[in-house]
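A single structure is presented below for examination.
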Amino acid sequence: MPYEVIDNKKMYYEIHGEGEAIVFLNGIMMSTASWVPFLNLLSRDYKVVLVDLLDQGRSDKADVFYTQDMHVDMLNKLLIKLSIDKFNLLGISYGGEVAMLYALKYQERLNSLILSNTTAYTNKIMKHIGDSWEFAASLYDTTNFMKVTLPYIYSQKFYEENFQWINERIKLFKTAFTKEWYDGFRRAVKSADDLNILERLNEIKVPTLIISSELDVITPISYQKEIKNRIENSRWVEIKDAGHASMYEKPNEFSLAVLGFLKTLGYDVRIL
Amino acid sequence: MPYEVIDNKKMYYEIHGEGEAIVFLNGIMMSTASWVPFLNLLSRDYKVVLVDLLDQGRSDKADVFYTQDMHVDMLNKLLIKLSIDKFNLLGISYGGEVAMLYALKYQERLNSLILSNTTAYTNKIMKHIGDSWEFAASLYDTTNFMKVTLPYIYSQKFYEENFQWINERIKLFKTAFTKEWYDGFRRAVKSADDLNILERLNEIKVPTLIISSELDVITPISYQKEIKNRIENSRWVEIKDAGHASMYEKPNEFSLAVLGFLKTLGYDVRIL
Amino acid sequence: MPYEVIDNKKMYYEIHGEGEAIVFLNGIMMSTASWVPFLNLLSRDYKVVLVDLLDQGRSDKADVFYTQDMHVDMLNKLLIKLSIDKFNLLGISYGGEVAMLYALKYQERLNSLILSNTTAYTNKIMKHIGDSWEFAASLYDTTNFMKVTLPYIYSQKFYEENFQWINERIKLFKTAFTKEWYDGFRRAVKSADDLNILERLNEIKVPTLIISSELDVITPISYQKEIKNRIENSRWVEIKDAGHASMYEKPNEFSLAVLGFLKTLGYDVRIL
Amino acid sequence: MPYEVIDNKKMYYEIHGEGEAIVFLNGIMMSTASWVPFLNLLSRDYKVVLVDLLDQGRSDKADVFYTQDMHVDMLNKLLIKLSIDKFNLLGISYGGEVAMLYALKYQERLNSLILSNTTAYTNKIMKHIGDSWEFAASLYDTTNFMKVTLPYIYSQKFYEENFQWINERIKLFKTAFTKEWYDGFRRAVKSADDLNILERLNEIKVPTLIISSELDVITPISYQKEIKNRIENSRWVEIKDAGHASMYEKPNEFSLAVLGFLKTLGYDVRIL
């Protein structure tokens, strides 16, 4: 199993395919396993590098509380060990926050940045939502934890059309979400508590794609617009009829945006 | 103190002002006390009738679980006792659901119906949100209960600008929200579980105002549009920059909509 | 017929009802006659003062080109002659521009300001649209003039549902729109060419209502938001399913907003 | 110069690059020349087939009025002559209408369909807009023609930021838009007058991409949603901050959508 020891912790990663690298950073409840359905498509032309951050998936748990900066440095050390020197960095939600922090520190290593449904600032309502998630996690009760968290993550439309799948997922995670998982989740939530890099986004100069969703209630369009306006070299698309978890609700449109962006990198079509 | 005994339960109500009656039905976490800031304005020309439904405010608690139909019949009996025969019925969120059910059963008693940020159908996501609220209430812990519920109720913008007020409110409710209150809240949540009167809305023939909010994530614009399209004799306005609790976030715009609607009742300005 | 001579020009006005005055300023293609369907409702509690600005309706035509400042001063002189000292000023589109300019010069005479579907800045696209309207007017051909102008004024939805009415209106105006009318319209279009008072809107301190429409393509929501954000003491509502001519498309919702605003003036409901 | 004679008319086309074919159908005021800035990027992996429909660009003018069905059959004959048997068909606005009609008649020849800012039904407001364009064209006066048409085509934001470019374009087209061009434009406008294939869209079974723009006022989001809902095998993205001419306003986002779609064809990522 592909692990590297970084700062005395085992970090789990997977590499699929050959070509220019895309490094994927998961949302807070996701893991490398979440990307399985995308691998055939994404690894056709690219070296897909999946990573579980500390406290995610099969990576080790942290011993103490931390901020997202820790992930940035551990990720960087991991990629150096893997000799992945120049790559495209994609992050979803929590992973997008880490990706922006990474770009602020190590952007010379990036070809491009892809930010899906994320925020550069943990605002007041996100703090309370985060608190409620952390609280729900602290009870180690998966059914209630899922009911506290999922309505923020999926759209009303998706919920309505896929309620059975959602309920099956809740059952499924009853075994996957152990006490250790919940404690990791709680640390992860807390690690984003003080994020506020809005004023620094203009330092990001690499080509950036912003993927937002029409029905995202936690990182809504207005927040995506802020990111768009502050990163000069950015492109912005919206996935229709999807909530926060655009990758789950509209996986084909999500892939379309990612591959479309990568396939146009290096070209700047100018009409004016 | 103004109580009437209805079906062996004390129902609390208040009457302010003289004139045509407006009966106010509270949202699930509200009570007659929520309307105090509006009384000067609303009671100037109208008889304002505030009502705590069973399990709300100063009314008695229920002994058993119930559906919202119980509120409809108790409300009707109360209003008959008070000789309020013909009136305007305003309901917010949960209260709006009761108001629509009332209209479906007793619309001959209504001059008009005002529906603020409500739904005719407890959809799948609302079920999970309701479950999470019911669960949070079952723990009798106000701080966490509020963090589970409030982010659905207020907009991101309001939260950002009024975080101190929100946190003070959480402290304030630590004493107000007793075990009895929480148990009542839980019954109220459950009473809406099976609401689905979408297909019956076309039976409502009284003039109806639909008040929706731009940033409402729990009963969003798309749901208000459904209500609008199904009630023929309806008018629809949107309060900008407000979330689900439009009455709290934009009390003046809320009052404007209510009074504007009532002051134009009986007129139908036709250009065509 | 009620005329006053102002600056050697006859200005037509009408007064209906008694009470606090509301002065109505027409949109560019409107006249006092446009308000007839609203009179019963609006004059019940108010003194409705309808005014045709120069080059509108039954007022005289101008001899030369002018800016909207001319309307401001002529309006002021007219109202002084009529002893209307303290009033509410409502303007639609072009009339709203004049109303804002009036407020910037004479706001001590205002109780309140109501701005419907207007702009504080004639932006570049409005300049070209204005040019195309002026050009179409210069041909004195009503059918083509209407086809150039009306699609900006009504929403797609309204057009679809009321196409016969629209076509009848085009026929109707073939006689009403004389060469003199068209020349007046052309001067009016040009008078707004250089309007840009965005930076001065913060000087307006009287209570202000902003009425915007969901489907307005000429003064869209984003422009209404600019006005809202710059006038401190303002309230903002949106009429759903309506285009630029909200007063024509949704006359009841329009009336609701106007009367609701006036009936809540002097009250400031504060929850916080 | 690459022409083929189809039905006694010369049709102009260009072929760039090798690989799977993408056939591009222009919007009504466009021509094969409009695609020059995109060629480097798009022809890297694909055989780009640009086509001027009759009355467009360097193709012959029609002798008589026609409907869009004529384009469909001429295009089909041209592609057969060119031995382009299986291809991706992209159409913008007017070209999108022709593309849908093509798919309804010859979809066995298509790998996929890409519809940008188009409509399946010439609605009542489009009829009047079309009439106003046809009228403006009939005067052979480019400045006024452009002022009648361009404000529908570009967004307020784009106009504001690129006014000089727009005005230079108007000058540029003074020579390009000859009497013959205008007469062709007029026939093209009329050829779409009776388009209404909404009810037939469900017959389209090939993978379809719908590209819509946030600020499109002529074929707005609500119309794109109709197309999306009726073509089963479709994906839908929205380009932010762009008007009807998304290809001009956001050429990189447009390319991203097109290439992203083509690069994911044949994959269906399923999470559920």
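In this document, chain identifiers A, B, C and D correspond to the written order of the chains, with residue numbering beginning at 1 in each.
Keep in mind that, in the parts below, contacts are C-beta pairs under 8 Å (C-beta built on N, C-alpha and C of every residue); 3 or more make two chains touch, one makes a residue touch a chain.
Only a predicted model underlies this, so the values are computations on that prediction, with no experimental measurement involved.
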Neighbouring chains common to chain A and chain D, by label:
none
Most distant chain from chain A, judged by the mean position of its C-alpha atoms:
C
Could you classify the chain A-chain B contact as same or different, where same means more than half of all interface residue numbers appear on both copies?
same
Per the centroid of Cα atoms for each chain, what is the distance between chain B and chain C, given in Å?
36
Just the number, please: Cα centre separation of chain B and chain D in whole Å.
49
Distance between chain A and chain B based on Cα centroids, please, to the nearest Å.
38
Give the residues of chain D touching no fewer than two other chains, as numbers and ranges.
none
What part of chain C is in contact with chain B in the complex they form?
37-38, 40-41, 162, 165, 209, 212, 214, 225, 228, 235-241, 247-248, 250-261, 263-264, 267-272
Looking at the complex, which residues from chain C come into contact with chain D?
123-125, 128-129, 131-132, 135-136, 144, 146-148, 150-151, 154, 156, 159-160, 163, 166, 217, 220, 222
